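One chain, chain A, links the two complexes that follow: it is found with chain B in the first and with chain C in the second.
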Partner chain A sequence: MNKHEDAPVQIQLNWFLRFFGNERWQFATIPLLAIAASLIAITAIVGAMGVNPLNVFITFLQGAGWILKPAYAGGYGMFSDLSNTLTFFTPMLLAALGVTIAFRGGLFNIGISGQMLIAGFLASVIVGYSGLTAWVAKPLVLLIGVVAGAAVGGLIGFLKYRFNINEVVASIMLNYILQYSVSYFINTRFLDQISRQSKVVSPASMLVLSSVKLGGVNVSVPLVFLLAIALAIALQFFLKKTRLGYEIKAVGANRRAAEYAGIRVPRTIMLTMMISGGFAGLAGVSYYLGYLNCIQPGKLTSLGFDSIATALLGAAHPIGAIASSFLITTLNTGSTYMSSMMGVRAEIAQLVTGMILLFSACSAFFRWRIAVAKQRAEMRAAGTVAPGAEDA
Partner chain B sequence: MVHQHFKLVSNYTVAENIVLGAEPTRRLIGLAGYVDMRPVNAAIAELSERYGLSVDPTSVIEDLPVSTQQRVEILKMLYREAEILIFDEPTAMLTPQEIGYLLDIIATLRDSGKTILLITHKLEEIKQVADRCAILNHGKLIATMEMATSSTADMARRMVGREVIFEIDKAPARPGPVVLDVRGLVVENEHKVDVARDVSFQIHAGEIFAVAGVAGSGQVELADAIAGLSPVKSGTIQLSGRDITTAAVRQRTIGGISYIPEDRQDVGLILDFPLADNLASKSYFKPPFSHRGILRPEEFASYADDLIERYDIRCSNGAATLTRSMSGGNQQKAIVAREVEQDACLMIFVQPTRGLDIGAILAIRRRILEERDRGRAVLLVSLELDEILALADTIGVMFAGQMIKVAAADTLTREEVGEYMMGVKQS
Partner chain C sequence: MSGLNTIVINGLALALPLLIIAIGGIFSERSGIINLALEGLLGFGAFCGALFAYAAVTWHWFPANSLTPMYLSFVVAALGGAAFAVIHALLCVKLRANQVISGVVINILSLAATGFLTSQINMTVFGGPSSKFDLTVAPRYTVSLLAKIPIIGAAFARFYAFEVLIVVLVAIFWFILYRTRFGIHLRAAGDNPQALDAAGIEVTRVRFVAVLISGGLAGIGGMCFAYSIFGSFSSAVYAGYGFLAIAALIFGNWKIMPTLAACLLFGFAQSGANQLVLWLRMDSSVGDLAMIVPYALTLILLAFFSKHNRAPRSLGEIYDSSKR
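Right, the complex of A and B next:
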């Protein structure tokens, strides 16, 4: 038994370690640290280019519709920009939730993009090109999205437990298979000769109401925005308060201990991947039949990959995913306006997003550094570390 | 040093492994450096010849059998002109013929002037090859003996030397009906090697059956198989008359098996879970913890508070304490609490007191006796002979995967058990 246990040494840690070293709040403090670090890095880069960093951040927010721009074109207003941001936010959050549940189950679903594509494609073909009325079409699109995504996710889970194929490899391979088979069918059957994309789906099947007049400005209403938020809250409840959620977390945290506790690990892995795929499928339909209205053949959306970093930034926590999705989509949709206003190239906007994602991916490293620093401070206080041995 | 687990790069050749870290480099036209293997191959072939190791320097490690890999490790030391060679349990993975060959090599090395330090559990090998031997017990040097004048029985006696800490009052057992009936059990490890071979025994209600044996004799695998964590190759396991040979872990838990595994941090607990979640990890799925698939966190918390109180689990933050932040002893107490509360008819304890302080050891041993007196069948696996002698009603000794002796505890002396454990005495 540790001899310090009965008489704990009172240690004075500095404010930084006290704030970031508290494990109970690290799920929130570490992403904040990642964001702060990236903002500092961005400020340095943009400042070196001779542009006022503050203006960069303001134009991002203006472009995404969070604050008023100085001027708008006719028929457009702040809410047009905001509704565009929220329309992009919806698939981002859903995809990030898919990544989150897989993470919590100890799995890495890198196939979100492929699952999104197949869900969007099947929904387009089955509902988007039919003449179904909106009341039938929209729920059917959601249903197809969930089923298609869950089927692909379940397949990955099945391959993992039946043939011990790593889920990352299986997902990447399935991404290619889905990307090119969907591309084949679009090119041979559903191609719009002018746009070189798949034919546009019917407005009735869209999960967005476009060109709605609100206070004299055009807005598009993302119909599943609230559903996505509700699903994030539901996922949080699921992970925290349900039997299956407990089992998924146990398998994710320690597979051997889960098996010892009597949890059927293969079944849990498959279910986790199905749920993850189901979220990806929902993201797919809200992207291809919402944010967009057609599919570009031969391409996977980068949103599926960005959602991995978004989930990481949200500390693999459903509520955290809401916050990080807001941040990432704001950067995404605000970037065009920012680059035109500030006279910097559009790539700089991508750089900013990339910075935040890079730093959020480093959060495990931050956590580790903080833990080490804290331990050293404690050892120094207890006098158990020899002078000069700290850098060893 | 030849480690018990070899330190070899499996897709490199023998010679490449041997020179790793001290590669002879040359420069092509004064520039591009490269490793010249030809002189190395020749030197290794010569060394191998001189000490009779028969290793081909150009063959690839993963194609070689274990015994040859071990000789590569020996060559590694010889190539670097080591004078003192340390062997850590070198025979653990070898067949009897290979062991004979290895011992011959060791003798050759000694005769050519090398100093050999052999670490082993197996007295026969010491007897065959050693000149002198030192006996360690719990980190203390017990004796240094000249092999020419000592017997294996004498060595075994010293190895199991008594640690006098305390005595526990133990009432005589009142065994009831058979609870666990294991017949002809064979268990494989992940390398498809039989680690438990044809093991048969019975445990009655109100009886402590202790399995003695040196580390790696198959006792842990036996416990895993009974708890359902590793598959059974052949043989049957019956629990209270019901065949559970192929039952799932969950069914066995419900059927009345509780299990304290050897590896508490990696198997027994989910360290990243709060203490309350770990205390309920074998009962979370049933009322009152869960109702129609929905968990009741308040039940988890009150159950945890109850156990923390009754089992004196020290934790900084009550039920919400992160299990990882607790000390090893308190983690162990948490597992004991959870498993005892299972209310199982068969309790399997593997090394239940390892690494604990004397107070905690005493508390857990008392608890084991209490559970026996309440009519449970107890399977105790321990490497501590003192623990086995203090608690057992019946002792089964495992040696090299086989249960070579089963007898009532009071008919065996400490020395006899030790001799069976070391394989000196066969029944």
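Right, the complex of A and C next:
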């Protein structure tokens, strides 16, 4: 291969290879390929059910507040729906960032849901049920979220390097332990007898300003929306430009090589999981004290698992996570309206997510096929098609 | 019936389905394919089996009160689980996907697809809005002569028919893994695929079959839970038993007999903790704390035993015949 590099030949690649073959942009173009493939699959499924697929996609967007619905109830408008979407977007992005950093460090944090739950629960108990004023309460909620999440993440990292317990197994066990213990405490001390959920937290502790009037319609303002976006950008900078970020990536790429390079692997694993858990904790408080204002005992939020999908779709790239969070959030919040208008079950939103993920999981294969096709085109251009290259 | 007997009876009813799922996981992982998809596979298998049994009962394919639909549903569940496992096998063996990611994808897809299909099929085929297929709880049997033996006798009291099926299957699959040519090939595919390739065996084919087996066994396990704990199929079947099975097989060091011990421990811990709550006449909310026991116990025991664990050497690696 290298021989050809110093003698550049005029290569005529077709549009497909030119678009998807550019490695610099593959982090964006390959997910686009996955999304396109899944949209085609869903179009086929919905079409087979006798529903117009275009209307399904439009009602998704209308339900999520990106485009106008034909009619609104009094006091509600497009911005009510959009603000709801952004309120859901905030924990989704934060959780996806938690998955992303773990992924880059070669770890798989499947315990996001449990970390979110314990962070949300502790923040509710310590701040949500106290009479603290907003200026003290809100930063304190964020702080508790980060600390609680990071503590659980750190515990998983500790179990991994000290006792060689697979982080996937440890996170799953901790998910159950946290789920049942939080359920116990809510049921015995903090239960609202009517709603069968935990008592509602004080508005001062919430990370969302609810029922704000904007141009005559009710909107809720997610206070940490911009913080989440800023953190995504900061995480990208951290991974690219800082020493610890580099070490995390090195451990993720090849643990043995990182060890020989003098990186303290156990410490790095621990820190990776703590950062990941910290993001999950932030996601937890912005979910349970933001999108919601109480906790349902005995349940983990599906958002924690969806965030894995979001991070994968974002190609384990913090900026990619912003884009994919918008997509997955839209599917989630738009599904109810879509379902009521089109008569298609709301579960199809999950199915779309699953399909996108399925095709994203093949991204390594796409990348490999594209590389092979490109190489073959280059060789053909140079007139040196290797014998037997066709079965590569 | 004494409480001690209840612990044994309920413990076995949980441990045995868990074991068959875990053996599915062992087959996949010993061949070198990480299988986090067990949860999704057991769910999809149970969905297929439950759909069959529900349709058979609703449309009277068999005489009333016949147990045939139940027995056949286990076959359908195994086929359904294996069919869904094709996705995992394709992704991991042929399409070079990250095996952990593929497993998670299968789980999400399975939950979404069965949830969607259950509602949709109930609405369009059976004509009623429902998100589950109702089954009966399987009948229980007692061998009265053996059941009189103290303590061990409880193993022969009030057992489900599928528990017998599982014991037979465990023996068969133990034999396949350790005593047949295919079993040797399978274990070699996970430990030294290059050597297997050099011996003229196709690694990808062995792995493909192994993943299909894991899907089939997981499907059977899922069907057991649908017929015992839940008495129906709904998304509640995705209660994390697939992940527990993974914990059990890692705990069992990827070997069948130690995994059996892990599953029994888990089953008895769960039923024992529940029984304790009853005995001490504690508030039902304490049941939440009892639920923690098996998970906490697993975690603590893993801390003691994981140091000496050795996963199959090529677990999680995409097979590349040019690598040596």
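Everything below uses one rule, namely that the second predicted complex is superposed on the first by the 347 of 392 C-alpha atoms of A that agree within 3 Å, B and C clash if a C-alpha of one lies under 4 Å from a C-alpha of the other, contacts with A are read in each partner's own complex, and residues count from 1 in each chain.
Assume a contact is a pair of C-beta atoms (placed from the backbone, for glycine too) under 8 Å apart; a residue touches a chain by one contact, two chains touch by 3 or more.
On a predicted model such as this, the values are computed, not experimentally measured, just so you know.
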First, second, both or neither for A:368, with chain B first and chain C second: second
Chain B versus chain C, judged by how many residues of chain A each one touches: C
First, second, both or neither for A:348, with chain B first and chain C second: second
First, second, both or neither for A:246, with chain B first and chain C second: first
Contacts of A:181 with chain B and chain C, given as first, second, both or neither: second
Touched partner set for A:262, first chain B, second chain C, both or neither: first
Which superposed partner A:163 touches (first chain B, second chain C, both, neither): second
A:28 touches, of chain B and chain C: first, second, both or neither? neither
Contacts of A:254 with chain B and chain C, given as first, second, both or neither: first
Touching partner for A:209 - first (chain B), second (chain C), both, neither: neither
Chain A residues contacted in one complex by chain B, in the other by chain C: none
Interfacial residue positions of chain C with respect to chain A in the complex: 36, 87, 91, 95-98, 100-102, 104-105, 108-109, 111-113, 115-116, 119-120, 123, 240, 243, 246-247, 250, 283, 285-286, 288-289, 291-292, 295-296, 298-299, 302-304, 306-307, 309
Complex interface listing, chain B residues touching chain A: 227, 229, 248-250, 252-253, 259, 261, 266-273, 277, 281-282, 284-285, 290, 293-295, 297, 314, 322, 325, 327-329, 356-357, 360
Parts of chain A lying in touch with chain B, wherever the complex brings them together: 1-2, 5, 23, 240-246, 249-250, 253-254, 256-264
Chain C contact footprint on chain A (complex, rising order): 49, 108, 110, 159, 163-166, 168-170, 172-174, 176-177, 180-181, 183-184, 187-188, 298, 305-306, 308-309, 312, 345, 347-348, 350-351, 353-355, 357-358, 360-362, 364-365, 368
